[in-house]
Each structure stands twice: as structure tokens, then as C-alpha cells.
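Next come two complexes, and both contain chain A; in the first it sits with chain B, in the second with chain C.
On to the complex of A and B.
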């Protein structure tokens, strides 16, 4: 239960207005300033989103306006039309890239959640030799930017013999130290008694994990899901580095080519804008769906 | 329902010098309500956890029924445990919490439903079955935890300080409920507590522990009236038993208990026992409970008891409603006296306290063991 932080005396007359006034009095100048500042910041952060949405619907004449505008005067679906038409003329249809992306992202998200939470459960609730050591490896892994390990990663993939398969879009992303770390922070907070109670109730380790630990950590699972989704959905590295067949590449790679090199023409800009929105939209939807849970994780992870 | 047998149990945690449990040997009868009591760190919870299979046994055997369970995992020991913090699954409703173990043992749905409802009825939580644990009060949560235990119909119930998270009033109420539940089910129960009142009121037998060693195993009446040593005497009973240091001397055929300033005459049978034990002229501690100290005003008793009095000054007065406790000082030490609350006392007042020597206990000062 939340304690009453602010004591509000009950007005004898029971007038609501008076109560409201008392409440407002408690908000000091700093809070007002902070509120205004944060609102402005939020609006500023909103600008790219507004731009991306409007940009996709701009006719060619507006796409190249200088200075650029946030809004579109004559919204049109022309760009989307072009996107579909264009991909019909290429060898690999747009839908193939989309399918590749959706498939590999879904598998990656599920995989990251599964691997991270299992590792975190072991780190948080199991006793084994080298527990601290392995966890510090995970923490150290947090420090490396992906670029720094690109070459060893390439060698691993090449030697595994999975080049040019769907696995290359999934496997490198499964090692998600952030996910393990977040999950462990969360799992640490599950009381041991809960797990012991489940064991006495007849649960095996797997059952404890799936029926007790994981459901309790749903907020963290949602957060990791979002992180994994964002990490997978928008990345082009695996397509660039590990695939050579066009039909194995993903949507962000395709979007990238639209604005690169030969395809960089006037129509390409419009198509790219439309594709950009298609790339962006799922991010927004996923985040809006899970944001409550994410906030919960941030509050629980101890990082704050 | 089963017997439980602890055979010379030792427990030493890895990386620790101290031995948590030392040579614990005890047989718990079928259907007994055994209370393990002792201060924190005395090893009582460790024992319970070993019995539950949550902790390895360093040495010795634990036998439930006729099986040695040392290497049998918790889930196969056919026990149920109630934890201090209830340990309810927060994401499951009360119904699911109670049904969890039955579902895992793959009972048919109809039977699960019937058993959950029966347990809920016994514990009076039928109307709460759809709620989540966080929507319930502490007392109700404890009922759910009990429900989760009884629904399994285990051989042994283990309760680990189940009432310590409840407020005083609820604690008394739940104490009564657990007692009722036990009388109804008559399942072997091991109850761990640091609260001597719980131990006294609930147990059919009490095991008092200190530093991992059994101090005494006895029925509540016995542990109260004949504690085996100074530790048990001081731990059981509230307010604590008064301890007076002194020596036993023989004068004119009477055995007398002498401190620096006071002399008390020892009753015939006790003086014989003291003499047989060879305790004359040796340092002795006399233990007397506050209810065996009598306030005397004008009727300074019969002549032969006149000796067993001393004067004391009231330092603190504690009104408890039914009783009043006077914390007095007899120029040597603090003595707690229970008096009738109807009599008025002032702090700082001088009173005469009579000692009922028939209820006095004598402990050897060196071994701390009870002599008589």
C-alpha cells in the first residue's frame, strides 16, 4: 500500500475547490519548471516521429523542399505504391525481405528471452562452481561495442558453416548480456522461499522456472523482448556480413539499398520514406504495448 | 501421518567454522505437535529445512515413516511447509496457489476442485479463492499458505515461524486456528518458533534449543515447572524467571539458602535432595518465577514462613490488566513480582516479598543444570 506522502487536511465545508487549491499549493516552483521543461523535451523528442510519419506521405514535390517541413500539405499514398511497384520489378520481391525480417526477428526475440532468462535464473538462484566468474564474464561482455568483435564473430559464423542461412540473423544476437543482466536483477528479487515452496509442492527445476520464476519476471521479459526486437528488427550487419544470397537478406538491408548507390534517385527517396515508416511502425507498436512493464523493470532493476 | 526420526544429526554450513546443529537425536511420535523453540541462530530453522530437504545433512539420518530421506528430494518426501513470509505465488490466484501441488501431481480436475474447496472451507477462505495474494491481508495470506499445505494431505507438516509476520491480535487468532486445524487433522507437525508463548500454548512437546544443541525435550507443563537448566528456565516464561545467586548452608538442622543479605529456608524434601547431591556450601542459583513470589502487607504470615521474606523497593510497575508486575530491587538485584492488579502500588514504595520456597528451583552455578 502506498503511504500518504502529502497530508491533506479535510475541509470542513467539503468544498472540492478548496481541496484542489490546497493540492496545488503543494506543487512548488521547481516542480512547475520541471514539468514545463520535461514537456518541451518530450515534444522535441516527438519531432522525428512526426517527421517519419509525415515524410512517408509526402509527394515528390514536398520531399525535396528546402527548408524541410514536418507536415505534409498534400498527403499521398504514392510512395507506398512505388514501393510495391518497384519491388515487383526486382528479382526479390519486397515481401520476401519483410518475411525474412519478421521471421528472424520473432525467432530472435523468443530466443533471447529464453536464453537470457535461463542464464539469469541459474545466476540468481542456483549454486554452482564458477557462478560469479561466469556472471562477471557476462558483465564484461556488456562493455564491448559490437563493432569490436565483428571479426571474431565473422570467424565463428564462418567456421560454424551457417553462412547464408537464417541462423546468421539469429545466432549472433542470442548472446545478449544486457538481457541476462536485467533478468538477473529481477530474478534476484524472487524470494528463495517461493522457489523452495514450489519444490516442496512437487515442482521440478523446469517447472519452477516456467511456472514460477518466469511469470513473476514478466516485466523484465517484456523489456528484454523490446530490446531484442529493436536490436534485431533494424539491424543490417548480419545481412551485410553473413549473407550473400539476396533472398536471405532482411528488410532493413533492403531499405538501406534504396537510398544507397544506384538506387539513389528521386523516386528512391519517396520509396525509402515509405519503407522507413514500415520499418519504424512495429517499433512504436511494440513499445506502446509493453511500456508499462518496461517502466516496472527500470524501477526494479536497481539501476533506476 | 508418520513418525519422524532424527538420528544424530549434524549440520555444518560450507565455509563456516561453527556447527549449526550438533548431535540432534529425537523421535517425533506419529501425530505429535512438536515445537522447536530457541533464540535466533540456535539451529531450529536449519533442522526444519533439513527435514524439508532444502538443506543437506552433514551427518546422521532423517527418517520419515520408514524411509531414510537424506537423499530424497523435497518433492518426494511427502511433506508440506508453511513459511514465515507465506511464500505464496504472487501471479496465481488463491485457488491456483492451493491447487498448484495437486496439478503437478496430475490429479483429475474434479478431485482437485473438491480438495481445494474442502481446504478453503476449513480455513474459511471460500470467498477469497479468486483473489490474488496481494489483495489479501496478512492473516488471510497465512490461511492460504496453510491451505496450500493441508490440501496435499502430507505425512508431516512443517511450519517455520508462521506467525511472526502477523500483528499481535492476529497472531493469537491464528495460533488458535492452527491449534484447531491440528486437532482436526492430527498430522505430525513440526513447528519452529522463537516465541515461547507459541511454544507453550501449541506444542504437545517442546524442544528447547541453544547453539545447535538440544537443551530439553519435555511437555509444556514440565518445561515450565522443571526446566532442565538455566537457559531453558530463563527462556521459557514471561517475565523471565528470577535468578538469585547464593549458597546452601546447614544450620540447626535446617538447610538455608543464603545470599549476602538475605536468608531463605529450603523445604524439607528439597534440602534432602540438595544434601544428597553434595551441593552444600557450593555456589547455587535459585530460580523462582514471579508468580511464586507473594506480596505481603500486614499479615506477615505464619511464624515458620517468616524467614522467607525480604524487603524490596518498587522500581517499575507494569500493568497488564489481569496481572501487575512489579520490578523491585531487594538491595542486591532486580526481582520481578506478580501481584494482584487491584492492590495499588506506587513506584518507590517499599514492600515485603514472600518467597514460596516449595516452588523454588536450584541450579548448579557451574554446570547450570537443575539440581532440584
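On to the complex of A and C.
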């Protein structure tokens, strides 16, 4: 019942107008309203984000200006310098926290991708006794939140004897049911004929996995990589609970110590804002780079 | 005699199949090991510890159901603060955040393809900023003196006469927690539903139009929701887990593990309080068993609501 659908542009109108019409002819009033509403909402949602970025570049004189200003008039890198200088006077330099974070996050991302996609491939494309059972465990584990069992996890890690090593930042995160689940759903899409053909040509399971399954599933690899990145880059739990040496702790932990008791700390606020931006920016950049692939993977996230 | 042979044969057949399938077990081994060590064992341990009194130093002593009895009968803060707070928080943030995710995903899907990405980023970004960055922003906005953005705004339009201590006042604290959580609730579930919408076969809508569907609400109810039910279930579970495990947000806004007059005290905070401040690990484990049951129960409810029936 939409007359626009059969609307034919009048032959006399100029090319520009015709193009515009073709471009906008599918947009009805509802879409216009939706767009306006969403634009307002999006701006509102983004305000705090813009604020994080601005705040980090404000000089001290602007941080406590009255009335407070949203935009920074004279952006400066002062806060970032302070962040680096401040930690140089303490025992552990800023670079050590940064190094710890980058190292453990990279290893975690690689580990999660490897562990999850191996398991997902077996769940999706191999037949073995216990497959259904193990996969149903994985589904149930989607409901699992590590925060609820922090104490027993502490006991497990203490008994494994890996307290105060880099391993505590990596190993607990390798058990990623969400990663396995998303990967398995994506791998279900690979046609069995493709795998059969490769096997007839004499390829072993490992070869099929690395040469065929993984390359096809790059969107899913990117997605669970991003999720692992987000989980690892920002988490403070492992630093708080499983490490006692300051040099083994990560950047989010250091940022947390900066933001604690922020309300009555004058110079600290700019430094905390700078640290906050360092924590947040990589998350955003990584997501921007892989947005399409993430959505592509999420399309198969259904639980049937 | 005969039967023992057949059992033996069957056992042999079973082990040979297992051996034939050894590659598969190798594939899932790394995951299963991590899964067992960091998920299964902690859950089992938590259930076991719940029946002990344990202070992390002396040997645990078995006390039966005492911890659970204390939870149900004597723990005033749990019953008067943690439970009502968690329910209020979870009931508003969970379903409302979930509904918002769905509505926003659907609205974005109504837009032309070219501009969808921009809105997706705008709506999804807040959930990325959760954690440390979040405390930087919200602490400044809800600052108690007149330099705080909210105070400054309300003062300038004459809504309040004096700066309000937003984060110290129990009256406001919970609501601020809810607002901040809602702002950041469009996460993985939102992406799943948005992506799910793109998989819906457009012919279904045309067929629906012929069958007499006349407006968008009917379209959502009869076509869209049934078509993306599986993705909605995934989103629902992510939302249940995310909501019930929340707890750090209150501590971050308050700047201490205990929120003003327990106004933002959630079950997770209660667990942390007993586990890492009072070192009553047995009791804290009993609390986490209660929380695990809550998460599991709510997730089952989502399964009931969204599970696809038969070969739908």
C-alpha cells in the first residue's frame, strides 16, 4: 500500500534531483522520525564519551572551572605527561603496568581464539561420544559469571601454584563459553561437502581446521578476539585477587588506584581522565575496525 | 558366561570408538581443561564450602545448613538491603535494558543500510566504556558540589537551590546506579539482535503484507520476533547474567565497597563484603550459591520465553 514504491520519476527532472529521489524514495515518514529520534538519542549516549576524551586533554585550569565546561579550550597533553611522571616517582613505572597489560591481553586474545575455535570445530564438524553432552555444558556455562565464585577461583589458583605470575591474567580467561558458542554457531555454516572433499584429498583434521575452517571463520575469529580483548584489557579482578607483587599488576588496576577517592583529589582528576582514555580508546578502535565482522558473527548467535 | 563376553566385547568396541575419535577429544581438550579448572571446580567448591565455616586461616569446620539458615533468618542487611536492591536493580535494568536493546536494534534496522553503522557505534560504545573510564565520567557529572555538571545544570535552570550530594544521598544512589547501568546496557545482546534482524528473510514481510498485516507493530509481533527468537534468547541470557553479576558499579560510584547506608548494596557486594573484608569464606560461598541459583533460574525463565519449539 505504498504509492512511493511504484513512483516513477518524471522524465524532465534533472539528473541530480532524480538521483536524490531514487536514493530517498524508500524513506517514508516513519523512517524520518526514527532517524531523528535515534540521532538525538545517539548524541545523548555519546555525551559521556565525548566528555572522557575532552576531559583527558584539559589543562588543570579548565578541569575545575566554574561554571564547568564541556569542551576543552586549550587542549594539552599535560595530563598524559603527569600520568607518566607521576608513576616514575613511585616504585613501579607506568610503562611496567602498560607492558603487563599489553602482554597478557595479547596472549589472552590469541589463547582464547585458539582454544575456543579448536573446541568449536570439534563440536560443529566432528562426531564423537559425549559431543552433545559437552556442548550442552557449554550452553549452561553461558549463564556463568566468574564474579559469583571469586573465592573458590582464588583457592583453585592458589593450589595451582600460579599466584603472582602472568598466568593468572591469562588462564582463567581461556575458559570462554561465549567464545566457543559463537564460534560453533558460525562453523555450523561451513558446508560439510567442503570438509569431506578436503579429507578425500588426504587432508588430516588438523590441516582441515587450519587451512579451511579457520580462514572461512575469520569474522567469528575477529569477534571472539574482540570479546576476549574487551574482557582482558579492562579487568581488574585478576590483579586485585591473584597478584600481590606490584610489578605483576596490570594497567586497569593502576587506573583504579588513581580513580579511587577521586572526589577530593585535585590534580588526580586530570591524570585519572588521561588513564581512563588510555583504557577506553583501544576498545573503541578495535570495535570500529571489525564492526562488520562482529555483526556478521552475531547473526548466528541464536540458541535453538 | 555369554553375557560377560558380550559386555567385554561391547567395552572393547566402546574403547576402540573412543580411540578412533581421539582427534576430536584432542580438539576439545584445551577448552575442557580450562572449563573444568576455572568454572566447574569453582562451582563445585562453592557448593561444598557453603556448608562449612571457613576463615581462610584455620581448618574449615562442617556446620551443615547453618549458613543458609543465617541467610534466610538472621542476615538483616542481606534481607533488608541486598535482596530488595538486587530485585529492584535487576527488574528495572534487566527487562528494561533488554527491551531498549531490542527497540533500538529494530529502529536502527529500519534505517537505510548506509547509515546504520554510525548509530550502531553510538549505541554500543557506552557498553565498551564500562569499568574504569566510566567512573571518571560519572563521578564528575554527579559531583556533590556546584562544579558537578548535573548540579551546575540544575542550579542554572533553577531546579534546585543548593548543590545535591548525589552520590552520598541514599535516596538518589540506587537511581543513579540504574541510569548508569541502562546507559551501558546495549552490549553483546544488542549486537546479536541487530545482526539477527538482518537475517530475517524479507519475503516473510511481503507474505505478511498479503496475509493482512497492516502495521509495523503487527509485523514485529507476528514476523520479526518469531524469526529472531534464537538471537533474542542469546541476548536475554547475556542480559540476565550481566545484570545479576553487577556490583562493581555501586562500589565505583561510591568510592568504597559499601555504598551509602547500603542503598546500592547488591548481592554481589554482599558476597565481596563477607569474602574479602570479613573473611567469612564459608558464608560468602553460601551467598554465591544463592546468586548462582538466581542466575540459573532467571536464565531458565528466558529459555521458557524464547525457546523455539520443534522445528520452527
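Simple rule for what comes next: the second predicted complex is superposed on the first by the 264 of 304 C-alpha atoms of A that agree within 3 Å, B and C clash if a C-alpha of one lies under 4 Å from a C-alpha of the other, contacts with A are read in each partner's own complex, and residues count from 1 in each chain.
The definition used in the following text is that a residue touches a chain if its C-beta (ideal position, glycine included) is under 8 Å from a C-beta of that chain, and two chains touch if they have at least 3 such contacts.
Computed from a predicted model, the values in this text were never measured in an experiment.
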item	value
When chain B and chain C are modelled together on chain A, clash or fit	fit
First, second, both or neither for A:212, with chain B first and chain C second	first
Which superposed partner A:224 touches (first chain B, second chain C, both, neither)	neither
First, second, both or neither for A:191, with chain B first and chain C second	first
Per-residue contact with chain A, leading partner among chain C and chain B	C
Partner chain(s) touched by A:109 [first = chain B, second = chain C, both, neither]	neither
Partner chain in contact with A:248 - chain B first, chain C second, else both or neither	neither
Partner chain in contact with A:269 - chain B first, chain C second, else both or neither	second
Touching partner for A:199 - first (chain B), second (chain C), both, neither	first
Minimal inter-chain CA distance - chain C and chain B, angstrom	11
Residues of chain A that lie at the interface with chain B and also at the interface with chain C	none
Parts of chain A lying in touch with chain C, wherever the complex brings them together	1, 26-27, 30-31, 34-35, 37-39, 41-43, 45-46, 48-49, 51-52, 55, 64, 66-68, 70, 114-116, 118-119, 121-123, 126-129, 131, 134, 137-138, 141-153, 155-156, 160, 171-172, 174-175, 177-178, 180, 205-206, 209, 227, 230, 234-236, 252, 255-256, 259-263, 269, 272-273, 275-277, 279-280, 283-284, 287-288, 291-292, 294-299, 301-304
Chain A - residues contacting chain B, complex	191, 193-194, 196-204, 207, 211-212, 215-216, 218
List of chain B residues in touch with chain A within their complex	52-54, 73-75, 79-81, 83-85, 87, 89-91, 100-101, 104-105, 148, 152
Interfacial residue positions of chain C with respect to chain A in the complex	14, 17-18, 21, 23-25, 27-28, 30-32, 34-35, 37-39, 41-46, 49, 104, 107-108, 110-112, 115, 117-126, 128-141, 143-144, 146-149, 152, 156, 167, 183, 188, 191-192, 194-196, 198-199, 209, 216, 228-231, 233-234, 237-238, 240-241, 244-245, 247, 252, 255, 268, 271-272, 275-276, 281, 284-285, 288, 291-292, 295-296, 299, 307-308
